[in-house]
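Okay, so chain A shows up in both of these, paired with chain B first and chain C after.
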Partner chain A sequence: MKRYLNSWSTIIIVFTLLYFLKAFLPAAFLTEVAIYSIYAMGCSFLIGRLGLTSFGQPAFLAFGAYGAGIYLYYFGTNPFVAILVGVLASVVVNMLVGLFFVRLNSSYFTLCNQAFCVVTFFLFQKALVKWTFGDNGLLLISRMDPTPVIDLTSPKGIYLFAFIVAALVWFFYNYLMKRSVFGATCLCVKDNEQKLRFLGYKTYNIKWLAFVIANTTAGLAGALYTVYFCMVNANIASVSSASEAVAISMLGGAGTLFGPLVGTFIFIGLKDIASQFIRHWEVLVGLLLIVVMLAGQKGIVGSLEGYLAKYTAKKSEPTPALTQEGGV
Partner chain B sequence: MNGQLLISAIVLGLSMSGIYFLLTVGLSLCYGLMRMISLDQFFYYALGAYMVYTVTSLTGSFWLGMLGAMLTTLVAAFVVERLIVKRVYSKPVMFSMILTFGVNLLGVGLIKYVWGLSPKPVASPISGIMNIFGTGVPIYRLFVIVLAVVVYLAVQYFLNKTILGTAIRAGIDDAEKVEALGININRLFTLTFLLSSVLSALAGVIHAPFVMVSPEMGMSITAFAFMVVIIGGLGSIKGTMVSALIVGQVVSIGALIWAPLAEMAPFLVMMIILLIKPTGLYGSKLMNR
Partner chain C sequence: MGTANIVEVKNLNSAYGQSKVIFDVSLQIKPKERLSIVGRNGAGKTTLLKSIASLLNPTSGSVVYDGIELVGKPSYDVARMGLKYIDQDKHVFLDLTVRENLELSSYATGDYDWDKVFKHFPKLKILIDRKGAFLSGGERQMLMIGRAILGDPKVLLIDEPTEGLAPSIVDDLVTTFHELSKDCAIMTVGQNLSFVSRIAERIYAMKEGKLVAEITDEAKIKDNSYSCYL
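Up next is the complex of A and B:
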């Protein structure tokens, strides 16, 4: 069973199903789910596979978003190039920031990340206000040219593109988490860093690379966001949304493959429904975090995989797989 | 830059240091004594500020407001501790971090329901101005500095000279042995948690006259609080005091030079200190968990 859950074809099936869900659900909601799940994937990887909780993810989202936004506002009109520029900008920032942050132990890492998030917010809101226009932001409507093959300026085009990118990201993380040696060493870092160091691995390099990969995923989501909403303002890096990525990861199951997708689907769905009844959305996010943490910290997919493993073990599967699933 | 501006900036920086210290001493106590990162301290900070606003506008007395804020926070923190935080004392730091962040968000949401979104003003209780080297300095700022020093001395006395403080410190090293001596360690942890939350509320109370009281105030001060905690080293009261002094001065003098520096400069200082010592100035290596 577990083999089916983690195979390539499952990813294709899940995303195709999700794509055709637009017959029942609004396309805007599904586009947001696709983009936000990419963002949550990075955070989930950091928490579940590396043991680093980051409350500063909006900062990394913002660098990708502003990379794309500034390119579109000042230099060019091609949204594909803009996304590329956003990703490159976030790679450069992550490589530099990672050099400092990865040395810290996990408590310091979390606090530093949140501090970094606030500093990034001030950077885009106040320090670079000449170029970013602070809270008003960069308005990019009619600054993008229609593109061939997939037209990113039309809602249909961006919908398709967001799903293709999300599926590619999932392929990549599937490879990273289940097949590659690097993914396995990441898990070792989380479980017993000292032992890994004793075995001769340079844990600093492993953590740095994982940090760059995870946060570049966030940057990619940020760049998609800019193209999708045709605007970017400083609020994208605001601290009050800092917990969303963590909440989604914990809800879906940190470190699981489909956890971020399920988490995002439920989270954004809840947000859309609840915001019609509740004025202040933080209450629900806070409650969600508390409930998920007290209910066992495994998240939805994490718990489901546990049940499935039990179920299939009863049905005479000789040895359970070597990979370790779910949980923090 | 003239001398008068500099003097008033230094005094402002010192009073900011006082507020940062009061806010972060709660975080430090929780980490140093219970090995948990309690992000809900920022909720108690905002709650304190709102309570002092409410009581002051009802009764007209700031000091009564201070008392009311601390009592309310005591009750709120007790409820949170009993219902939620109690369950994660023995777990790794990450659990307490995510959980208390949830509590913080919940608290901010509830504050928005009760008091609304619009910022509220709180009048300064001491309005006089003192002359220092020809520069007029509000006495209230000096009062904040004195209060922070008093709290620092009191906390140090409590931890190092009283039986209770000694028992709490022993509780970290060997909880079982302390319990074998007939001391209820959970009660000590509750006490520490309540003490930290009351100090955070006090920070909110005395910060209220400086700024407008708004629901996001707890969120917007997190960055400075974290920088203070990280520069000083998590869990060290002395380190917290020293780094609060550094950050306060960097913020107020940085703002004199170029306004956005107020937020950026402490971050740069933090980065440089972390480069030299990844555990902060006074953080110990033993706390690597």
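Up next is the complex of A and C:
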């Protein structure tokens, strides 16, 4: 119970602190961190918990973003409804795509997702240009009405809302990864899929559901992105940004709870700050990624968790199982 | 057949690609019996076990379990029906604790009666919060068998149960297998003849993918005289 409360309270503390960082850092930067970390969370879950690396995340981001964008441009003016429509569009696409993609393993899964990203980019840039306006995109700045309680058309409102949604996403993933049998089965799929079948689990269903959940998280980030930037264009699905979510996940620590948040903070920070001084700021991200991977392949949070576990193990009393019974 | 044999294997042939490994194997497993298959490395013992458990699709033949044909069925369905396979590599889920490993099995089978697991393996109760990665080979074997007996299986297929285990643990396993066989049939494969002599009620000797002998005589089993078939 104590552990249970601790993890919930940690999430609340982290996001509250991050929210009040606006006293020191630009709100625009922090909003982007909140939205992008949601995007990275899905990818991190796929890599860290299922062992599936996807270079097609921009496609799943784009379906959520265009779902919200098309609703606001053609059908309505309420940004809350737009986000809901974006998420629903994302769910439908992920359910269909997942049926085929989760049959693939490792490299084939990775490349198929990347190919899907290319197809999605073409879809929004060329095939549906009549409705999406291709590279020019859908401009929504005058198409959103102020909303009650939290006004998503105001910078303050979207800032607060992005943090609330991010915290809820973290609550959900905390439950999924640490408390649910489903989360444990995902980890087992990564560890040894065949062994899980021996226990009576149909692993295809597990992978499919995990795929839908992870990529719908990306879709949610896409819908928030549209409402925040008041526009969406085909570049959101560009394959050139396909490695970003993977890099963020690896940097922060794939499969860890706070890895995507730390990774996003560093990534967006380097993008916003270092790009003012260095033209090719991506070099810094690349170098940092290499250093972090060489330090233990667990990312920043994963490595810190490892050190913390060793430290607490040293400090705590040895268990009777270790001292009296011994290893067999 | 239903009352006499819980598993009936008929003319089973299995192959890895073009390489045929099992040749026309027929055998029966009776309810609650302890059966062993012995043979040298490469005799096809593991392949036979995997073919029975539907982890490998046989090229021909049939495997009937409790009146149901298993060939073509996915391995998770076979496990749910009560025919469990325990691999030789002592692989438990490393990132999960003993408790979580047991929970996974309980969730799949709907059987949360862990007392029967702790009755056979009291040590698992002590190790309940230890991660799989930090268990010894013997502890992993206990956990794998413990996971498998949840859901009250009718047949346990256990591949090389003593491989890499200390002699004292092997002694414990002998007792455990005798206890477990009061509730389900146990079929083991392996090369540890002294272990086989202590647990088996019936033995099949396997050579080059074929069953070459069936030993039912208790005296022959006890004095390892079946080793001449290997």
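As a working rule, the second predicted complex is superposed on the first by the 294 of 328 C-alpha atoms of A that agree within 3 Å, B and C clash if a C-alpha of one lies under 4 Å from a C-alpha of the other, contacts with A are read in each partner's own complex, and residues count from 1 in each chain.
Please note the rule applied: contacts are C-beta pairs under 8 Å (C-beta built on N, C-alpha and C of every residue); 3 or more make two chains touch, one makes a residue touch a chain.
This one's a predicted model, so the numbers in the text were calculated from it and none came from an experiment.
Asks: First (chain B), second (chain C), both or neither: which does A:Ile268 touch?
Replies: After superposing on A, A:Ile268 lies clear of both chain B and chain C.
Asks: In the overlaid three-chain picture, which partner chain does A:Leu294 touch, first (chain B) or second (chain C), both, or neither?
Replies: Once the two structures are laid over each other on A, A:Leu294 reaches chain B alone.
Asks: With the two complexes superposed on chain A, say which partner A:Leu199 touches: chain B (first), chain C (second), both, or neither.
Replies: second
Asks: Does chain B (first) or chain C (second) touch A:Leu72, or do both, or does neither?
Replies: Neither: A:Leu72 stays clear of chain B and chain C.
Asks: Kindly classify A:Ala184 by the partners it touches after superposition: chain B alone (first), chain C alone (second), both, or neither?
Replies: Second partner only, chain C.
Asks: Is A:Cys112 touching the first partner chain B, the second partner chain C, both, or neither of them?
Replies: A:Cys112 sits against chain B, while chain C stays out of touch.
Asks: Need the overlap of the two footprints on chain A, from chain B and from chain C, as residue ranges.
Replies: Dual-contact residues (chain A): 328.
Asks: Chain C touches which residues of chain A in the complex?
Replies: Residues 181, 184-185, 187-188, 191-192, 194-203, 320-321, 325, 327-328.
Asks: Show which residues of chain B lie in contact with chain A when the two form their complex.
Replies: Against chain A, chain B makes touches at 31, 37, 84, 87-88, 93-95, 97-99, 101-110, 112-113, 216, 219-220, 222-223, 226-227, 229-230, 234, 259-260, 263-264, 267, 270-271, 274-275, 278-280, 288-289.
Asks: Enumerate the contact residues on chain C facing chain A in the complex.
Replies: 53, 55, 74-77, 79-80, 84-87, 91, 93-96, 100, 103-105, 107-109, 123, 126-127, 130, 136-139, 147, 151, 165-166, 168-169
Asks: Write out the stretch or stretches of chain A touching chain B in their complex.
Replies: So the residues of chain A in touch with chain B come to 51, 53, 55, 100, 103-108, 110-112, 114-119, 122-123, 126-127, 239-240, 243, 246-247, 250, 279-290, 293-294, 297, 328.
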